[in-house]
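The same subunit A turns up in both complexes below, where it pairs with subunit B and then with subunit C.
Up next, the complex of A and B:
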């Protein structure tokens, strides 16, 4: 993960957009960041810590790259993740930790990696073997991604999602797309150190709405906002 | 409530889908008159009974499906990917 810096973003004359020292634009999540914030790579992220049993973290800064290819293609075979599953695969060979590959459609895979690694993932997906046509699109800045973690997460999610979230139907490693609070959402069960956890991935413009709705749905279960964890994925 | 057995995703609520209407043979582009096109686009049989419809799983697998549905009971007799013979 890129090292966190505490340097403040600046603006250029006649340009209100915040920039990092050196002039690169500062990327911001569509979700308001609970303080304190820090700059990680090119992103402004929350570093809020909470010990709440149920917590919601904004992971929008993570790299998100989508591969579309025929399911029978060599590229799909090389990933080895079927539709409806999510597994950690070393897509970028030079990275020490594997990326999370989500079989999000019958011919679609979403690869989630650490902050600012989208170019490496992009190149790795294009370099997968095979001659079948494929498309690789970097959606890092076009999507919002949150993680809901806690034993009460299935019960909270069940209030806004019609999917059967019981263990036998949606075990760890299951991926699906459905409506969550009326929004088409990629839902991935990705437990953290034995605790039930879901990744929810939506269009950028729906990010704040989904975040607020989850906070409201989890209010009675004591949900609290968390910042981007050190080990994000 | 209608539930549609998506061949890719399993049984899902119909509000995840968009109906594209009854499946009809598309007129020949080279010979169809405006009246034929209008009838193809806007005239619907709306029968009481089993119809073969197109549905798009917009909030799921994003695939087009062909669904046999009873218009009175909303019973779903079958669902298959579009372009696959029954």
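Up next, the complex of A and C:
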């Protein structure tokens, strides 16, 4: 199974559109990519590095597949992730690392995987055991996904989100849906190496708005834009 | 009009260093007041700095424009409101001086010293309670004139229309315990709660914690130092100073207004707390006597603050009226500070003030013993008001304690709501700390932390009931309401607090009764021969303290949505149009040219906002049959059908198409503005009446970039980029759907539908590739004359074609048959949403019809919403859509028209906004362009 690789995009003479070598189409995030950019798989992504204690990264290029099934179904049982939780599960058994499965709704799970793996996730979800009706939909292009990381992240979010983000209410691995700055958002507490981190997941067209709002809200806390982290690829 | 005399005091009233002073003498600041330069120290309030410089008048009163000076030296001081730069209504006794501040008096003309409006005092006896109600009620035609005059006398500062606004912020907080008030009891409550493991938010109105300990003696300062140290060592306490809890709502939802905050002008904090501890302390109340508003008459706590916090001598020769130990202490404090205390009147021995006299400033005091004492300072200490506001908002009803002459509450007046400190009773500072600490522990326990603590006894001590002397004076300084006004109101029958309050406006000014309420009740009780306990009190409502509009508004969160193709629209200079949060291209400079391009060649429009829902499951046809007015059971794979949804009342709710992509997969499109509502509508049905259905719905609106390729050359253009789909008319006919690749992008959905009346295809491309495909289409069709067209061109073309827009050509009362949808509604279906209403409508004839109108004057394009008139001048309908058609070269309209006039050929009159009437003829069909549909089926 091929891994997404990083490569430079090419530009044809007189054509400003970046293309993959061979002229294959290039996918773009809904969020403007802070330079420098590179091509990862079929996506143009930022590879900006920052050492800021609070950072915001655009992860929209990651694969995102939604499963709808009855909570009592075998498929749901096989995933083993309840509503309101997020855990890493080997949905695609052949992948070296597990995917993040988010219990987004009572009968809804969002699976996040590396760039360009949506077809594999899609197939794996359709192959889950059980005969119950289910729906598997690739929303890779339909959602914007950002990661806010840093000890100050809860304080920044508290200026635009009414949710109780204290440890006792929203510990690592908690998933919920709420309004963030007026936009319906799937919020996942997914710490990175012990540092508080949140995934924020909105429909694609609101991605730039959410990104800009988070950058503004985090300005006094020293927020900085980060590129797509290597480990997410 | 004589000017107000300046005070005969030394130019500097600044004392030597004080142990508890909050000024930093090493950091001098400069500011101006009414154009004159002044010096201040860091930490000075505007008023303390001006007092130190010898000024004593800071404002003119609301109605009579009487000169006013310091009364309480707090945020609620009614006499110290000033304008600072472009910011009006600044509390000068609270706001710290900033270097370069430009401060001015408000609502004075021409100046604070020479205020012409002070002439109102000469007619004061006519400006009594109810003056406005009695005077300006008739004649009614003069109301606008009255309004103009009265506006000139309105209090308040000035806001320029172009003044830049600051950055206001909002924040949410979730804590176990909120403590409102940072005096000794409040600090102790926070400590007690934190010791029990609670997360605590301690809110203090002043810039520093400590309450009255800050301006107390050495022992008070020592205790404060200990509390501050303990607080610094404590875990789990967040302290917000210069902040006030302005409201308590259900479930301990508490609004906190932060008046100064790093990085923002102000902030509103919305707090959800497990428990609330109100430790608001006590507010010293003024005494009512003649001349009680003269500059130089102030409360004992004001004098103590000025001396001990700001090292300002408030006068040179003082009379002190005291009814309590605090007043006695202030008399000693003043003497120690070098103020000559000319007389001390002990109110506990029935000694009192009869009148204060002076012009523009206190010059003498007449006592009840018949003495007239020369003085420039009169300090009163006659009792306390319990600011129970937050408790009242929690449903608590404080009781009036006759012996203590104030309202009191218990320590646990309501579940999850606690009180401590002066609100509950009187004690030494150590006693207040012990009570506060125990209340904090009990509040923590109520929030699920710790086991609580035993409450020590705390009850109010006796205090003389002092409200008014033998003379009349001001009860409400903010509103210029005197005790005489209250007596008059009672005599006129306004004898309950709620009625008299509204009639006199007492307690309705900016300080909202903090200083005035109990005196108001005391005077009203005296006037009506009842006790305060019998009268009851007025209702305290949020906000406890005024909140700026900026803080309420906060940072505006107005989400906007962008299509993946937005970079192109911006690059081309498209005029943006905001529609349902989406930023869309209205046009690219010439809508008529864009229409011609589509009619003659090929154009592209970005229709990404169109709602798109993926329906998966074998029971999808059953769901569609229930939600749409037409039939869906026989829809073949690869076919598309138009559908209309109605609500239960038969009113048109949304329209769109739905295509069958596979055996159990359907893609539904909705209007752009209806995308969210239709999704919720579908989910609602699936989660209620349709729980048995095997259908899952997933919104895909932004998963696809949607592009409509329209025009006679559209098939040619697509043939250059589409793979995997046979575009031949017989293989891909009108109202069909296919899946294939476009410009190398796989998994695209292609519909053969359109809104323009031309041969057209709607492409749904995985959104990340949207811009790529759009630009590829433009490149591939350059020789065909391809170009973009915007919303305006589309609206013109759909109007030429007679397609309705739900919400524009229909309204909240338009049932399906009145929208020209007779051909679509299948009343022979077993059931669908809205069917009973539509069956009833079908049996009537009296509903308005949707018709096409052609104005006979080809130069006039009637504005949308123009009324239609019948022969007798009655209103018979209205224009819903109207444009000039560049294709047909005359105006075209859709209209809602009374049924008896909807016959083709009927002429009605369009009533234009300029008063003209233009005849218009009802057209044969809604479509003025290609009414047979030949072009779109080509």
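Before moving on, here are some points about what is shown:
Please note the rule applied: the second predicted complex is superposed on the first by the 213 of 233 C-alpha atoms of A that agree within 3 Å, B and C clash if a C-alpha of one lies under 4 Å from a C-alpha of the other, contacts with A are read in each partner's own complex, and residues count from 1 in each chain.
Note that a contact is a pair of C-beta atoms (placed from the backbone, for glycine too) under 8 Å apart; a residue touches a chain by one contact, two chains touch by 3 or more.
None of the values given here were measured: they were computed from a predicted structure.
For subunit A, the partner touching the most residues, choosing from subunit B and subunit C, is C. When both complexes are overlaid on chain A, the residue A:25 reaches subunit C alone and has no touch with subunit B. When both complexes are overlaid on chain A, the residue A:43 reaches subunit C alone and has no touch with subunit B. Using the contact criterion defined above for the overlaid structures, shared-chain residue A:220 touches subunit C, although it does not reach subunit B.
Of the two partner chains placed around the shared chain by superposition, neither subunit B nor subunit C is touched by A:191. Using the contact criterion defined above for the overlaid structures, shared-chain residue A:203 touches subunit C, although it does not reach subunit B.
By the touch criterion stated above, A:176 is placed in contact with subunit B alone, subunit C being left untouched. In the superposed model, A:83 makes contact with subunit B only, not with subunit C. In the superposed model, A:66 lies in contact with subunit C only, and not with subunit B. Touch criterion not met for A:74: it reaches neither subunit B nor subunit C.
Touching of subunit A by both subunit B and subunit C, each in its own complex, is seen for residues 162.
By the touch criterion given at the top, residues 17, 23-30, 43, 66, 68, 133-135, 137-143, 158-166, 169, 181-183, 203-206, 208-209, 213, 216, 219-220 of subunit A touch subunit C in their complex. On the subunit C side of its complex with subunit A, the touching residues are 169-174, 199, 262-263, 270, 272, 555, 557-564, 582, 608-609, 614, 616-618, 694, 696, 698-704, 743-745, 766-769, 771-773, 775. Residue ranges of subunit B in contact with subunit A, taken from their complex: 8-9, 12-13, 15-16, 58-63. Residues of subunit A touching subunit B in their complex: 83-84, 105-106, 108, 162, 176-179, 184.
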